[in-house]
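Sharing a structure, written as structure tokens. Questions coming.
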Amino acid sequence: MNIYAKLAYTILGFLIVLNWGFLMGATMRKIGARMAGRHGIPFKQPWINLFKSISTRTVITHGIMYYIGPVFRLTGGIGLFLFMPMVFTGSPDGPWTNFSFEGDLILIMYFNVFGMLGMALGAGEGGHPYAAMGITRGLAQHAAVELPLTLAFLSIAIQFDTFSIYKIVEAQQGGIMHWVLFTNPFAAAAIILAMLGALGHSPFNLVKAPNEILIGPATEYEGTYLGFMMSAGATLHVMEAVLFMNLVFGGATSWLELIVKSFLIYFWSVFVGMVFPRFKIEQSVTWFFKVPLLLGVLAVIIFMF
Amino acid sequence: MVTPIFIVATALGAGFAIGVLNKFGKNFTGGLVLAAITFMTFISYQWFSAFQFGDQTPEYVYTAGFMPPLSINLLMGHYEAFVTLLINFAGLLGGIYMFNSLKNRGSNAQVVYLIMLMGLNVMVMTRDIFNLFVFMEVSSIAIAGLILLEKGTRSMGAGFKYILATSIISGFLLIGIIFAYYFTGTLNLDGMIDANLSGIKGGAVAVFMIMIAIILELKPFPANGWGLDLYEGSNAGFSAVVSAASATASFFVLSKVMDIAGPEWYYYISLIGAVTFVGSNLLGIKQENTRRMLGYSSIGQLGLLMLILGFRDILGDQTPYIVFGILISHYMAKAGLFWISGIVKSKGLKGWAVIRKKPFFLFLMGTFIFALIGFPPFPSFFAKWTLVMELVKTGNMAWVVAILFGSMMEAVYLFRWFGYAIKGENEHLEDFKIEIHKIVPVWMVAIGLYVMGYFTAQFTEVGAEINFIPLAFVGLLLALDFLPVFVKNTIAIAGMLAYSYFIYPDLEGDTLRLIFEGIFMLGGILALIAGYAYKGTRAGFYPVAILMYAGLTGIIEAKTTLEFFYGWELMTAGSYFLIIRGKRSMPHGLSYMLFSIGGAYALLAGLGIAHVGQDSFAMDIINNIQYIPYWAYGLLIAGFLTKTAAVGLHIWLPGAHGEAESDVSPMVSAILLKAGVFGVVLALIGMGAENNQYTELAYALGWLGAITAFVGNLMAIFQEDAKRLLAYSSIGQLGYIVFGLAMMTHLGWLAGFSYVINHFLYKAVLFLTIGAVVMRVGTHNMYEMGGLIKRMPLAFVAVMIGIIALSGVPPLSGFTGKWLFYNAVLEKGWYLQGALFSFSGILAFMYLWRLIHTVFLGQLKDNHRNVKEISIWFLIPIYTLIAGLMVYAAKPEWILQPLGNMIAQFFPDGQLIWDGGTAISKYGQWSGSLIGMTIGATFMTVLIWLMLSTRKAHKVKQFDITYSGERPERPETTHVAYNAFEGLYKAMWVATIPLVETFWDRVTNILHDTAGFTRRLYSGNGQAYMLHIVFFILITYLVIIGG
Amino acid sequence: MSELDLNNKTSEMLANSEANVKNSKKNFTRPEDEKREVVAPDGSIIEVNPLYDYFSNEKPKEEKPRGGVVEKFLNWARAESIWVLGFGTGCGSIEIPPLVTPRFDMFRYGVQMRPTPRQSNAFIISGYLSVKTLKRVIRTYEQMPSPKYILALGSCTINGGMYYDSYSTINRLDKYIPVDVYIAGCMPRPEALLHGFVKLKQLIKEGKAEKANEYARNFDEYKANQKKIIKDWNMPDYNW
Amino acid sequence: MKELIEKLSSKYELQEVVYQRDNLVFAAISKENAIEAVTYLRDYEGYTHLVMMSCVDWIEDGKYQLLYLLHNPKLKNDIGIKVYIDRENPEMVSAHHLWKSVWTYQREMHESFGIVFPGSPRLEENFVVEGWDETPFMRRDFDTHEYAEKTYFPRGNRKTNDPAEYMRKKLYPNQPVTAKQRKDDK
Amino acid sequence: MEYIDLGHISLLIGFLLILVGFWGVLTQKNIIKIIVGFSILNTGINILIVSLGYVKGKTAPIIDNAVAQTGYHDVSASVVDPVPQALVLTAIVIGFGVTALMLAYAMKLYKAKKTLEINKFNDLKW
């Protein structure tokens, strides 16, 4: 496939992901509202919020890093998309593999942090104590989440003898029983639990904690910056879900499958969030060090013998 | 040629002459004494040079013209000439030093001094055992008299104890002599040897009596309280003479008399020597009184000499060389130290800080201490090396352990003392006066040490001039120390550039060494450029910095193990001085030194084992160790790991790096630590070059690396001090490197090496930047900084790039290492270690964010409003290094491909496949430049979009933040910095319990308690000391003769 | 007193208000707001003026609407996405929480609560406002990005309500900050509040809710009113 | 309680002793002895808990009445010590050393009545109002209405109704007002 | 009494004196007594030396009439070993020197601390 076609597919894919991210977010809130007996927001609300945000008349800036923070964040989101094979079409050169040939699972693991780190820097420049508090919590929780996740990723990589996400997806084709969920249940369980932290919903949403530290890192961001961050957030949510989908739930062979699977994955975390109150940071860290870590270690150990 | 009898005659004649001529005044008689000693020295020298440079044969002097046994005969041989030269030279210098003391005590004292020297000379030369006894008594009486040079009850008590002890000893000696005579019918030593005294029935007792008396003269542990009192109580100048001349003479007497005892005694002499060496050095660590501490050290050194003497059969031809090295170092260094102690006049160790008021004294003191411990280029270094090599070769490992342990203890107290001198509080201390006649001897022995070092080195491979060129450069810089920084810095840089150019052809083609040499040299030059930022003369910085680089380049160029060890010790010495220059770095400098010395001794033992069964000392012997290779590699790696600060051996690092000066931290962190890595690489090449059969060792090393990475990174999170944070981070990064190397696969090594280069680049950037920031803001504490991005944007950018590279986030170069690592882990199957490694990497985000946030972001503090951007001299090296990072990020194949080729020599399997800029491993692929371009393009697109849409943004100031309707009061209370990761600490405090520190604390306490308990033996009661002597004799009798 | 008299009185007061602040009997500058000197690392002395140095002391500018279809669209977006700052000033704030319950459910109107003024565009002044709170309200209001809207809840914000003679409670909110929608009642029920939102949306869509610009236009007058009663003014004139 | 009052009256001159309830008694003590008495009650009689401290403005008498209400947790009874101080020059010995909560009470009284407690910590700091420079607002001679009219912007044409009368008129416009109602209204 | 000759007796006395000397040196607290102990020790050693050189039935190694009385014509065969005698002379001289020095010390020590108890002079220890 030539590079222009590839680029065109990629841009199209990104637009799908972005809008699906918004829609998915709205749907989740709708579901939450319906569970509470409310009518809830209209489905169009995220887009309206985006338009409203990027059209504020006054914008402030605390300095150059404050400025660049959302750029980092959005780049992180887009980059994650670019390096992820989205829809499996049977050929590594297919239309929806984006630029995933440039890297593999390790790249995704580390690039995941790109946006977070940039955001942390940007929020820091504002000098708001809550932003810094949110970031310290976020980083601590991130560390705790990543340990079981890494173990599970390693386990999957060992299982298929590759770090290439494309190959992992390919290996899971051919029926539901080929999914990692069933072929490597410990790794899958570790991911399913650790995923809750990675997606950052309650009970692990201490980073944002709206009533306590005024949504943490983003507390100083307004208008256009906020719009960028909302877009990045939508993208990242989908991409995280797609990552787990690719690794555990057999990937997707069509956009429809992708949408359904990512929705269900994301819904899992929202579902848990509906039930549990927010954890303190040390609680959440110790929680990830218990069951998910144990599962992760098990997932790796079974391949050592 | 003047016959040696004139030594005696001169002394006696001068003594009588003084009695006659003392009406001409004490200065005259003093001059006469000095003239006499000079003449005696001349005679010894004449003989010595005749032996050394001519072909003189040993000559007997027969007194009264009769042949033995009817008369007494003196022998002037090579060794005798040398030892009398030493004695007379010490006597001469001592005479100059004590000129006034002797004069004040009158001409009698001068005569007694002469007589003492004469006695010592005759003790050395005589071949008649009764004559020996007589002159031992003569010199004892003289010494006992001269102790009174120092006034006060302390010296009186010491003198009385001395005379009591020597009387007891001489009683035994006399009994021994008469029995020996009874059994052999001769008093002549040669006659006794011929008669095979110890073989005669009952003769063993006679031999025992003689031997034990002479051994007791050498003050063996623990029957040596009187000797310690002598060192402590007498005049400092006189202690020096006793330590140098009298001890040397006694030692020679022992070596002489040993011949009649026969080989069965050798073992016991060694045993007594070892016990003395270890025991007195152990007790030395508890000393607070300088002179007594030096006394312990003197006695310890004599014990070491005894030990060597006992091994003279085994050591064979090497014995004179080893004895010479140890003896001459001890002789000069201890005399020098005693003399300095007489000038400085401070009893307690802490008072020695006053020495800094005359900085060249620090140089002298440093010279003596380093010579005593056995650092290059001093003779003791070579002697100790040879000793250990020979002992290990002959399988005497236990003795090596004793020697190294004793030396370690000696290093503990000497360096603690030196630390007080360099860094202690000295404002309240009174300055001391220097008299010219007192300082001359000190300088002479100091210079003598260097000369002797050069002389000694000529007998080894290090003797080549090339190894002394860096040292000469150090000397040059030392001489130019008065010049301003700018000039010296330029000279240093030019020197290093020239040396790099000079050395490059040697290393061309050897990628491994080239990488490390590049890190050492280029890194060194870059770090030196930052030195331009300093004002004034920066006294003492350049010699030690260059000393360190000399050592570093020495270990790279080393062709033999000795050269390697030589470079290693030079580097240790240089870096010690660099580290201790920091404001509060005294304890850290000490612990650095002790760990380094411990590591060096492990290395020494390891190299010794490696040498077993091999003919050469070439470096490649470690590739093929034949004798207990597990131990050898273990010791070598343990030695190297002290420098890479593996967990357990890391406690010196945070303080040492954290408290060092701004441009020293990068030197000791980014550059120096790589020396340890280089060592580990060499050891691992040795282990794995042929076939990797040491999997357990590598496995343990792998876990150690992973745990080090974890501990280092975790501890870094909870630091408040920016430089300590970076220091802990270094521990963690070195853990990665060790882990990677320990995998012993192609990919593992590639990852390790990519970390070596990366860590050099970004840690140098970070340390230089943070150091420069610290220079500007005047504090290390991160919570006292903040918001500095507004004041120093260039520094911020440097740190940001540094932390992105360190954290391993693509697209910068840190990701290279991570990617290689995961592939290597998967290939090797070390999953759990890999996960721990990965977790450490994630922990790194936290401290990195904290570093940049609390220093550069957040609230600008009031007192930093006007700080300037960091110095241009720091920015130049920083941005040069950043350019390196960027090149690495953009074109990783430029670095990784040559690295891969180099590693393929050792590990040909499992190489990366390069497809243009894409690296393809068994498990995945990664194209650094493409990823960089993709991310860059995305980033720029988003950035431009945001810039366009917020072009009218209003620039606000630091308190324009939403603060619940309130306004912040102060930047300090609004900046989240202190104890930032409290939540994580609550969850993970278990992992931060300082087990290692506790362990080493316990070890220290046990040693101190042992020393403190044991030294109560020396109750200060002369009678008790006599009892010790008697018990010592009884116990040795039971052991040796066997009841 | 007639309306005219009151206005005269007001202008007279305004003229003297600056002087009032200065002629106050007490010095209200807190110790931490006084000028202080700190020592820089290089030993030089830096004078710090806490009331000035830390803030961007710029006046607000009037941001003219773009007009046309774009503005209409954006106004629609703004109207459909009203983000309310969660800041309860008085007893009326107890009427806000019911809005998120199933019975009233303000989300269906696109109304949400936001925790930080930077991300909100509507501010409910819920009930009586003491001078002390007014200060915080002003700072918060000014920190919100324009366009921004104020809903004044309860009769206290209209004429002081039952606190008309209190020594510490203001009588008329619109003298201090511009109000878009008044919701009368003591207290108004949540339904009334919802009605207020609907009204506000209507105003926004019509392009009439430009009170932020009015504030910028009459900034000096508002500021003088505010400073007259807030005697320990320790903020910048405009809080960015 | 009786014994306590007897004991106390043997030491200090007590006035206006009122046995309010079985477990509550009030007594007035002179300004000079009050703190001593309170200290005595705290240290020897077990009245370790300061329930509250209050002030009443007796403008007619030209006095402020301070009340220290103490509680004995063992006996479960309270005693209130009243102190009358001069209204024109209000000053009282500070009791901040006895209970830390007194700091706050005294700050409040200083702000709202202008009573000076020499030595009391943080006395000058704002308590309820910020930047207050008028007559202390809880003094009865301070006319809050006038102050509000003067300071804030009263909206004109404001009508005030007596709620009871207004509602009666509205609900029962035809019914005449009875004498009892008139009396109740007062 | 053939077994006990002069040589053995003096040997025994010598050893006894040595032991007495050691006993004095190691047990007495008074410095002067210690010095006396040393003197006894020295004397014992000297007697030991002389008696070791004694040969039964021979005379002192001085060439005078006594030599002739022994009846040996070879002078060297008629006298006892002269070397120990010489040694003893030297040893006595040295012992004298040492004793003198000790006594001088004792005097100085007494002047300094007004005591002769040896365990009082422990300024230097540990």
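Order of writing sets the labels: A, B, C, D and E. Residues in every chain begin at 1.
The rule is simple: a residue touches a chain if its C-beta (ideal position, glycine included) is under 8 Å from a C-beta of that chain, and two chains touch if they have at least 3 such contacts.
Nothing here was measured: the structure is a model prediction, and the numbers come from that model.
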**Study point:** Chain labels contacting subunit A and also subunit D
**Key:** C
Review point. What's the fewest number of moves from subunit C to subunit E, given that each move must go to a chain touching the current one?
Key: 2
Check your understanding: If you take the chains that touch subunit B and keep only those that also touch subunit D, what is left?
Key -> C
Practice item. Look at all chain centres (mean of CA atoms) and spot the one farthest from the centre of subunit A. Key: E
Revision key, fill the gap. Using C-alpha atoms only, the most centrally placed chain is B
**Study point:** Of all other chains, the one whose Cα centre sits farthest from subunit D
**Key:** E
Exercise for review: Take the average of all CA coordinates in subunit C, do the same for subunit D, and state the distance between these two points in whole angstrom.
Suggested key: 36
Practice item. Could you tell me the distance, in whole angstrom, between the mean C-alpha positions of subunit D and subunit E? Key: 108
**Study point:** Rounded Å distance, subunit A centre to subunit B centre (Cα mean)
**Key:** 54
Study note, to complete from the structure: Multi-chain contacts in subunit C, i.e. residues touching at least two other chains, fall at 116, 118, 135, 240
Practice item. For subunit A, jot down the residues that touch at least 2 other chains. Key: 58-60, 214, 219-220, 223
Review point. If you look at subunit B, which of its residues touch at least two other chains?
Key: 954-956, 958, 960, 962, 971
Study note, to complete from the structure: Chain-chain contacts, ordered by label, are A-B, A-C, B-C, B-E, C-D
Revision key, fill the gap. Counting only contacts in the complex, subunit A reaches subunit C at residues 29, 33, 36-42, 44-45, 48-49, 51-52, 55-60, 210-211, 214-215, 218-223, 226
**Study point:** Contacting residues of subunit C [partner subunit D, same complex]
**Key:** 1-3, 5-6, 10, 24-26, 28, 130-132, 135, 158-160, 164-172, 175, 225, 228-233
Check your understanding: Along subunit E, where are the residues that touch subunit B in the complex?
Key -> 18, 22, 25-26, 29, 31, 34, 38, 41-42, 45, 48-49, 52-53, 83-84, 87, 90-91, 94, 97-98, 101-102, 105-106, 108-109, 112-113, 118-119, 121-126
Revision key, fill the gap. The answer for subunit B against subunit E in the complex is residues 130, 134, 137-138, 141, 144-145, 148, 153-154, 156-161, 163-164, 167-168, 170-171, 174-175, 177-179, 181-182, 187, 225, 228-229, 232-233, 286, 292, 1015-1016, 1018-1023, 1026-1027, 1030
Exercise for review: Quick one: which bits of subunit B touch subunit A in the complex? Just the residue numbers, please.
Suggested key: 787, 789-790, 793, 796, 800, 804, 807-810, 815, 818-819, 822-823, 825-826, 829, 831-832, 834-835, 838-839, 842-843, 845-846, 849-850, 852-853, 857-859, 918, 922-927, 930-931, 934-935, 938-939, 942-943, 946-947, 949-950, 952-956, 958, 960-963, 971, 974-977, 980-984, 986-988
